[in-house]
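Here the chain labels run A, B and C in written order, and each chain numbers its own residues starting at 1.
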Amino acid sequence: MIDRRGFLGGTALSAVAASLVGRSEAATLPEAASREGAATEPPLSPPSGRPYNPVVTLNGWTLPWRMRQGWKEFHLVAEPVVREVAPGMKANLWGYNGQSPGPTIECVEGDRVRIFVTNRLPEHTTVHWHGQPLPNGMDGVGGLTQPQIPPGKTFVYEFQVRRSGTFMYHPHADEMVQMAMGMMGFFVVHPRDPAVARVDRDFVFLIGAYDIAPGARVPKVATMTDFNLWTWNSRVFPGIAPLPVRRGDRVRIRMGNLSMTNHPIHLHGYEFVVTGTDGGWVPPSARWPEVTVDVPVGAMRTIEFVAEEPGDWAFHCHKSHHTMNAMGHDVPNLIGVDHRGVARSIARLVPDYMVMGERGMADMGAMEMPLPDNTLPMMTGAGPFGALEMGGMFTVVKVRDGLARDDYRDPGWYRHPKGTVAYEWTGPLPGRS
Amino acid sequence: MIDRRGFLGGTALSAVAASLVGRSEAATLPEAASREGAATEPPLSPPSGRPYNPVVTLNGWTLPWRMRQGWKEFHLVAEPVVREVAPGMKANLWGYNGQSPGPTIECVEGDRVRIFVTNRLPEHTTVHWHGQPLPNGMDGVGGLTQPQIPPGKTFVYEFQVRRSGTFMYHPHADEMVQMAMGMMGFFVVHPRDPAVARVDRDFVFLIGAYDIAPGARVPKVATMTDFNLWTWNSRVFPGIAPLPVRRGDRVRIRMGNLSMTNHPIHLHGYEFVVTGTDGGWVPPSARWPEVTVDVPVGAMRTIEFVAEEPGDWAFHCHKSHHTMNAMGHDVPNLIGVDHRGVARSIARLVPDYMVMGERGMADMGAMEMPLPDNTLPMMTGAGPFGALEMGGMFTVVKVRDGLARDDYRDPGWYRHPKGTVAYEWTGPLPGRS
Amino acid sequence: MIDRRGFLGGTALSAVAASLVGRSEAATLPEAASREGAATEPPLSPPSGRPYNPVVTLNGWTLPWRMRQGWKEFHLVAEPVVREVAPGMKANLWGYNGQSPGPTIECVEGDRVRIFVTNRLPEHTTVHWHGQPLPNGMDGVGGLTQPQIPPGKTFVYEFQVRRSGTFMYHPHADEMVQMAMGMMGFFVVHPRDPAVARVDRDFVFLIGAYDIAPGARVPKVATMTDFNLWTWNSRVFPGIAPLPVRRGDRVRIRMGNLSMTNHPIHLHGYEFVVTGTDGGWVPPSARWPEVTVDVPVGAMRTIEFVAEEPGDWAFHCHKSHHTMNAMGHDVPNLIGVDHRGVARSIARLVPDYMVMGERGMADMGAMEMPLPDNTLPMMTGAGPFGALEMGGMFTVVKVRDGLARDDYRDPGWYRHPKGTVAYEWTGPLPGRS
């Protein structure tokens, strides 16, 4: 790993001057790496440039770069992609470099980055570097700060990253449609000194929502509120990777929201603090302890905690419909309370009462219901104790003793020590007061 | 009241060891107290265990416990209940111990609690102790950290409460359905030292939403956004109890949200600060002054203020539809502005224009409209100066001189001193500039 | 400008006593100024009373007052208005003094204000002074703290403003309907010392949403979530005024939300901090850096930043549907990805696939589509580099060198220095890895 301080020299070139140098000398485009699968790739240790502690993108990867004359050069390709939302369902989305979301971009405070963006979509696009302070002409707002990038063309963005933190990228062209189709990616700027704000595990993901009719593969792009797939990195449970964590690790999780509503992300078993937003690091005096962080649309939240308590800790959006997969929201009443002697009066009021689900819906988590092809069950998944009855934005933080520092494989289910699980009462039942 | 410090002794038993002791010796289930009415019960002064300053649950109550060999034992019964949402309407919900929400659980930091949960529902359930740091196997996630609790069975949860604060409990089994049916309850952990963070009044309630068709009694459980009953503790105005406060009191109000959207809770006449979340107490340096606290889903907020200004202060969700009861949201335009000479052009554009409500909807707050049985008017209620035109999440903080410290009865309407109410102008009218 | 300290004298009269004096001696109503256009009026330097640094209301104005015996007297007239939402569309709303929102009220901490409210609506109304600490009888809740103001009548509100900050006013009578019709206004209380919290530019606006069918002029007042016009001060892009800022200025923007959902307001190119809410000023220790501020319903946020980077910086709600104008949300899938060889399988699953927009929707930003009269295109607007494809809550903060301190005219588009805009790559294309 090269110390680039000497290379950049003592005098900071202005972005403009550097840009001109770049134009004349960067004779070729860097390769555009691409991925087809949805596996979580291990963290990419920086092969060149300043050192940093890399992040792990849930069900995603980090975009490689090349160093050229003091610039970190990346190549993003905007294009249609096929994304496996979870085993059993694929969606036709738009994304970058073979996936939706696109690959995570990582660099270091002070880096000069040159990002080539090739448009292989059927319509024009741009890329906006959400949260980055940069020269106005690199802000990526089609029509306002640059011409649109027509299909088939490649545009070049150049700027020096001014502050460390948590960012996103997404189009600012036909914005509603292109984000509804899945165009988004994470962008992490690491501190110049890797010892600053250091953690042991650093996970990132983006929240998005899709409206894909059962059996279909393409999202409806005009849907405003009635989405049916609530995703992290365009994945739903049981397709979202778990977060393996070594007991005692300091853990950071960074989230950005590009859906149409707030998502209150809840972690079981731990209090955490929000240490950063897309606007910067939150000063310690301003931090709130929380167990649920409400991530607004078009905003990012970074949370941190120390993983002292081992186990399988649910980690999910707390809007209960967002831990379900596709379902109808306009069905008749499902639940009868007939054993309390009120069934007759209900039936009188609601003639079509007492259809399926008269005892709740939990049966549906375990039953084999016929579904259209390419459609996920509303609730599914199995844990160590039976059906989990979940979908959507749900996964598990798995805190284990003895996990290797760089091991991000799924460690399986937690083995509870004898006598530490809620247990059945087998004694006599009392009366009630 | 017993100082339990001596009783617990100097050495903290591990949760596991204590659990084993408990299993062998707790020979009987504690009684499961139950309530039928929706009156606000007075605060329950702790009859045993460490002393604390009890909370008041709006239209609710605190669950009694028994002390047994150093454990505080509670008994929750999950079961169908009939809840009076407001006078004139009852709903068939699911809840705990006769009510939805279930009773508030109160204990003290350091307490070892054993909670027996009996399932009298027609489907399996679990209880998740939202926000509590505890051993993984007591976290109550069906399938993940324990087997589901089948109908007819009783499960036992045991943990030592590690920090004071504001918590909830709710199922983590068929979660969308069971919360849509009203299964939730408050859980307060008091500081070990009753002088810490002491206030004079401490109110708690949970926010929930239901979709019950006019004339029906059972909520539609698949509704995602289009709810028609926005409730505090499964009550709507004018069924929500007022908050009587003595002038000069330091007041705390704790809220948790288990609906599907943020609720911005607004208090008239006072600034307050958020002093806590379900993640802990907010340090003073991090507190914001507010008049509206936006409570995210799956999160709790604790606010505090000093009640210096007497009067009847409205306290409500600021989403205007959430201070309405059941209504249609897809009706044609209601308001004509014909006295401004534009009625003809509107009628040309909207042929069905100028139906009911051409002068607004305020008439509906006072009029006698025929309604289906068991249905509340959209707007209702009467105050000291006439129709209030409210519903849903609306009540009044009543600040009075000379209220007894432990008096939580409704003190009636405020008597405004002469000349302190907005008054009619009876002088001449001017022209306009 | 007069120092009013001497005038008010050393002894503060009680509100009650002052009110009685006022009643007997204020023999005439002050004039009710009115505006018809939607231009942004320049800041109103206070002609009387304590000095302060006035705000600029986007597409609005500040209400003049008269001083009378130590009281600042304002006159609001609640009435039907015609508001140009953007060039090409007018709406029939309810508002104050000729406009929706009503004029901004500005005064100074410690001022005694008397506000005459004349009701020219077809139904009763009141005015609630959101966020103001005041005597209960001046709080403006119809039925609870005062009688409703009948049509044709004028009521008088009197109170001393106790703290500086950011407030709103709106009815608390038939509240859902009257706010859905546009009744709201800004209320700024300036610090007693104009040097405190001084900024160079201070903009204010209110967020509201309307549901006006294409071709119609009157909002549907019962809509709860499916609005189609997302407005700032009842204006949409391209009708929202830009925010001209001199490079180096300290800029404050104050927003209040009276719609039915959170609005995450995003500023490009800058980090900012929230310095205030409707509850007061946020202490510096509690401030978070952000690029998107999530403004809850019934709440206000004040943000501040220093405008160091010149350019045209997009400023908008980040919910992508909120930067669109009226559109249908229930249309079939629009986008084919046929060039990737999957069209056939999609068509098999979705028979009505491949209708309009098979390449996205960006064409609609530039095309000439026939629209009903009085209807705005879904996406529109042109910038220096072509079609902007925006609507709704979108405008531009224009940071310029050499702008005069009091110049609030639109400075036109930013002229990017040569080489500072993302540029097209004209070299050879590589393969992909």
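By definition in this document, a contact is a pair of C-beta atoms (placed from the backbone, for glycine too) under 8 Å apart; a residue touches a chain by one contact, two chains touch by 3 or more.
Bear in mind the structure is a predicted one, so any value in this text is a computation, not a measurement.
Contact with both chain A and chain B is made by C. Although chain A and chain C share one sequence, what matters here is the overlap of their interface residues, and that overlap falls short of half of the numbers used. With centres taken as mean Cα positions, chain C sits 32 Å from chain A. Among all residues of chain A, those that touch two or more other chains are 225-226, 261-262, 285-286, 294. By the touch criterion given at the top, residues 15-16, 19-20, 23, 26-34, 75, 77, 80, 82, 92, 94, 116, 118, 121-124, 126, 128, 130-131, 133-149, 153-158, 163, 172-181, 213, 215-226, 260-262, 277-283, 285-286, 294, 296-299, 373-374 of chain A touch chain C in their complex. Chain C meets chain A in the complex at residues 225-226, 261-262, 264, 266, 268-272, 285-292, 294, 309-314, 318-321, 323-324, 327-337, 339-340, 342, 345-346, 349-350, 353, 357-363, 365, 379, 381-390, 396, 414, 416-417, 419-425, 427-433.
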